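Shared between the two complexes below is subunit A, which has subunit B as its partner in the first and subunit C in the second.
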Partner chain A sequence: MIYSRERLHSQNTHLSWGPSDPLLPGVFKLFAETEGDLIRSAKIETGFLHKGLEKCSEKRNWFTSMVSIDRIEPETPLFTELAFCIAVEEICNIQVPRRAQTIRLILCELGRVGSHLNFLSRLAIATGFETVSHYIFRERELILDLFELMTGRRFNPNFFRFGGVAADITEGFIERIHETTRLIEIRLREYHALMIENRAFVDRLAWQGILSTELAQFKGLTGPSARASGLRYDVRKAEPYSGYEQFDFRVPLGMGSRGTTGDGFDRVMVRLEEIRESLLLLSHAVDAVPAGDFLALHTQFEFAVPAGEAYSRVESPRGMLACHVVSDGGFHPVRVQWRTPSASNIEIIPEILRGATLQDLPVVLSSFNLSMAEVDR
Partner chain B sequence: MNGLTDFTITTSSYGWNALFGLSEQTPVLVILLISFFFFFILVLFPLYFLLGFFERKLAADLQARVGPNRTHGKGLLQVLADTLKLENKEKKIETTVFRRVSPHLKTAALYSTFAVLPFGTAMIFLDSDSSVFIPFACFGVLFLISLFASDGSIDLEDEILAHRQAFLWLSSWVPAMISVFISVVRVGSGRWSTILSSQSHGPLSWGVFSSPFGFLGFFVFLFSGLVALQLPPFHSIDRGMRHRAGSSLARFNVDQFYSLFAWCILASALFLGGQHTREISDTSFMWSAFQLVSSLVKASLLYIVLRVVARAMPQLRQDQMTEFCWRVLTPLALLSLIGEVIWAQLALVGGSS
Partner chain C sequence: MTARLKKFESVFNQDSQTKNFGRSEETMLEVSSARMIEAAAWLRMEETFRMDILENMSIYEAKGRFFLSYFLRSTSQDTTLVLRTSIPVPQDSGIANHPSVEGIWPHAGVFESEQGPLFGVTFENGNKNPSIIRSLWKKGEYPLRKSYEWTNKGSEHDL
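Right after this comes the complex of A and B.
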């Protein structure tokens, strides 16, 4: 931490953290002007994790660019794969088989559960609740085991293809999903007892980092953080894709059950409810996998996409993830551009931190579940 | 030389004499120095490594993970390995003289509490009418050093933190001292040897069970200690280890262990029976060793329970901690003190009739 010694005895002091600081949920710089314990204003500086992945995917051919796309958000790679595939399929006018769509949906919902569990674990660490954090990681391992069983990899699966998926459902995968969803449902009740019914934990989050619906809408926030503020928008409902329209599921909204609508506690509750909804969705989806092909077209390295452009949207665990793909008819994408949820959600941080105390900083930042890999790309 | 070592201290340190085979004419200061080195080399450090291992293993079991298992003895030497690693890391050079000196002052103030810790009725170096309050005075000095050390700090966050802690210390001290008064009221004296002698081997005679308010006082004392010593879950959020590394972190860990362990010895002496001899003239090597071991075992068990339970709780914000002290601990302490006074009066009336 650096500060200006001259300002030590003035009323306001200037503090800065980062780019690498355990207080922060990722690699960025945070500047704050404080008055005692209160943050009067805050500013963020990003770009420390820039990997040039958009450019990398443009340098590769259509088939291998998926390797770069997987790494845009390493925690939930299937969502970026899906958004890219949907855009390319739209340009090529490829009809994805129903079976492939359901497999995609199952894997994405598993990814959503895993990501939300990761969020809860990180938040537990931010609140000093080390024990719960370990418990949650235990369940997240089960999700990674399922990914390994289905795709062969725990991270960066590179599994979605233009027109479907790389392989059909592995033997025993459906049974394992049923087992895992049942187990996680039981464990969610334990987490509820440990976290939500714990007054010390609730007091750390309720009335902290309050985000109004208007501000969330004005800043373009999406995902659970926006829904916790009462903004009813979910891409899966608004513009259904990959067969989501065939399933009935609820979109949880912030209720202000302990503090007020849009506070840190609501952001936790919305994600907990989303895990429950995803588990229900998963158990319905695995029972309704239609028969048929899992891939409409076998793409090769010399695969060319007709000239055109497309913009696809998917609901990632952090919010709306959009991909803009431009093709000139060649073997490489001309432009692959991403609208990642964390990049827009991070814009809210200076507003939210105004009036917060220094001690609430890690918890408030963690409650937004930002991914700096997504922001900087 | 005799003038330096022969000053009068009201003491009950015969047990230490018997333990080291020293005559009763040996100056108290000499016994104090010998016991100090004996305690730190043969008791404190082995306990630090051993209890550190047990705490981590139990906590790992609680958290559904394996815990330390890499060093010799199935991970038994993990804490020693960690300490040696930290000692070998690059030293941080402090820029101001006071910040260079203050860690040593803090250490001296902290370890000076050894002289006033009650290990048994015959193992107390300072046993005056108000000796029960002296360890808390030592912890107070420690706090003042921490507070002044932050002035002239190069780190503003540390300075803000120190000022926050000032109020927190006060908030936790009030209930802690009230709960000490509960023991004083119970026995009618602030002398360690009297408090220890009032309790026997049977748990029903212990301070914690002696009256309906003893347990409440014990609970308040333990939690006030955790807040006062800034131990989990009452450690400051930004106190972390961000500004400590290498040998200073290793020393911080040992200091933290000693602080809680000393608090557990005090809690054990005040509420869990402590240790007492039947007759001071009976004091022998075996009896002194038994007193010491028994006192250490009680404190160790209390230490393990506190550390493991603390792992299962979320961290509180500083304002929540002060609120907890003023709104929960202090009223509880006052309630138990008033209750203890009434109980003692009723016992007196009952006894006289």
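Right after this comes the complex of A and C.
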């Protein structure tokens, strides 16, 4: 409810946070005009951590570009690697072996589970459920252990190659995935009891930061935040890649189960359901890894890509990640341009904050799961 | 060629060209910069296209020109296409001007305000999103242009 200024006995106040502030989910500036504790208008300013990674790709050769591409979103680097590989493979007309495609799918779904767990953990801190956040990090560690087992690295794996992946499946990896998916499935029920069935948690998120389907579409939102508002778009279903068409999985949508469709609670529920779907997908995929090669060709430093261009889309944990690659036939890319989901999704923040109260600010911002590394790439 | 693409060519006959985008089967419509806004508005409104989502906008420099690619998607027709135009790269670190498509796709401001300062392209009538990107380089320096001198020296903002 918005009270009149006379009733509140207050005047407009201009507040600003950032660029570095624990209230914010990353490095950006937030300006708000408030009346009492109500936010009348808000605007954001970004660019404080601009890393020039698109330019870095132009200065490196095709092979070593992957190093800077890993840094675009350090939490989920395999999605940027995949988008870049798909685009280059299209220009070079490289057929990726089915075994390599399935390995890529498995690692990406592990990355999705890890990213959504991280989101739940951050949201638990924002809502005052810090104990739960520690429990969730325990499962996130299991995902990182699996990355280490398969790629040799917990972060920035630099594992995908043009035409496949860098190595075949490590011994014991499939068994560990089965164990981990079963364990996370059990722990999800615990989190459900601790958070979703806790009235204090529900009250912090239901009816908060409501995003309508029309506004989500108007602002070009993608990913779980858009699907929570009822926008049924998932690149894995709309334009399947890397063998997703072979597997049956559900795309969860916001149902307004505790508040209304598109509120903060729906954004949590959609991600929780996506974790479950990814776990199911993982358990099917690891049992269906086809025999064959894991790499179509061995690229070297002097690898040249024929003149041409390609555009690839993948569904990252935050939404549609797209990559436009241009080559002039040389050893370096002419252009590697990224469309990252957070750079688009952050535009909704001023609209969403209008009418919110100051105490809801961290919760509303956290519920969108923005990554400033993606925005300032 | 489908009937709807023929319709597009009949309207923008002299100023457009239809191609495949790269190796893909995705359609790319190349339009002269003078009729770019008209073509964008036509694709947004025309019943057989209804390209209601601007998925991405990308600029790259080649052969002395900036190539602007608009990656479009239609939710009603369930199709995608690429709209492309090109403008010459200005001499002597000048600024290039191009009309903004924010009036057609409100979401365009995200891409225009990000890539505009890095290439030195001003999008006329665009609603500038606040970003400090444009203040990170000296006047006349545009890092994504091919003429930009890449050095190992840090910028004046580095500590």
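One rule holds for everything that comes next: the second predicted complex is superposed on the first by the 367 of 377 C-alpha atoms of A that agree within 3 Å, B and C clash if a C-alpha of one lies under 4 Å from a C-alpha of the other, contacts with A are read in each partner's own complex, and residues count from 1 in each chain.
In this section, a contact is a pair of C-beta atoms (placed from the backbone, for glycine too) under 8 Å apart; a residue touches a chain by one contact, two chains touch by 3 or more.
Note that the structure is a prediction, hence the values are computed from the model and not measured.
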*Do subunit B and subunit C fit side by side on subunit A after the overlay, or clash?*
fit
*asked:* Just checking: does A:P240 make contact with subunit B only, subunit C only, both, or neither of them? Give me first, second, both or neither.
replied: neither
*If you stack the two complexes on chain A, which partner ends up touching A:P350: first (subunit B), second (subunit C), both, or neither?*
neither
*Anyone got the angle at subunit A's C-alpha centre between subunit B and subunit C, nearest 10 degrees?*
130
*If you stack the two complexes on chain A, which partner ends up touching A:H134: first (subunit B), second (subunit C), both, or neither?*
first
*asked:* Per the contact definition in the header, classify A:T13: touching subunit B only (first), subunit C only (second), both, or neither.
replied: first
*Once you lay one complex on the other using chain A, what is the shortest C-alpha distance from subunit B to subunit C, in Å?*
22
*Identify the overlap between the subunit B-contacting and the subunit C-contacting residues of subunit A.*
none
*State the interface residues of subunit C toward subunit A in the complex, per the touch definition above.*
21-24, 26, 52-56, 58-62, 69, 71, 75, 78, 82, 105-107, 109-111, 114-115, 118, 129-133, 136, 143-144, 148, 150
*Which residues of subunit A touch subunit B in the complex?*
1, 3, 5, 8, 13, 15, 21-23, 36-37, 124, 127-132, 134-135, 138, 198, 200-201, 203-204, 357-360, 362
*Within the complex, which stretch of subunit A touches subunit C?*
43-48, 50, 52, 54-55, 59, 90-91, 93, 217-220, 233, 238, 308-311, 313, 320, 322, 324, 326, 328, 334-335, 337, 339, 343-344, 347
*Using the touch rule from the top, collect the residues of subunit B that touch subunit A in their complex.*
59, 62-65, 154-157, 159-160, 164, 232-233, 236-238, 240, 242, 311-320
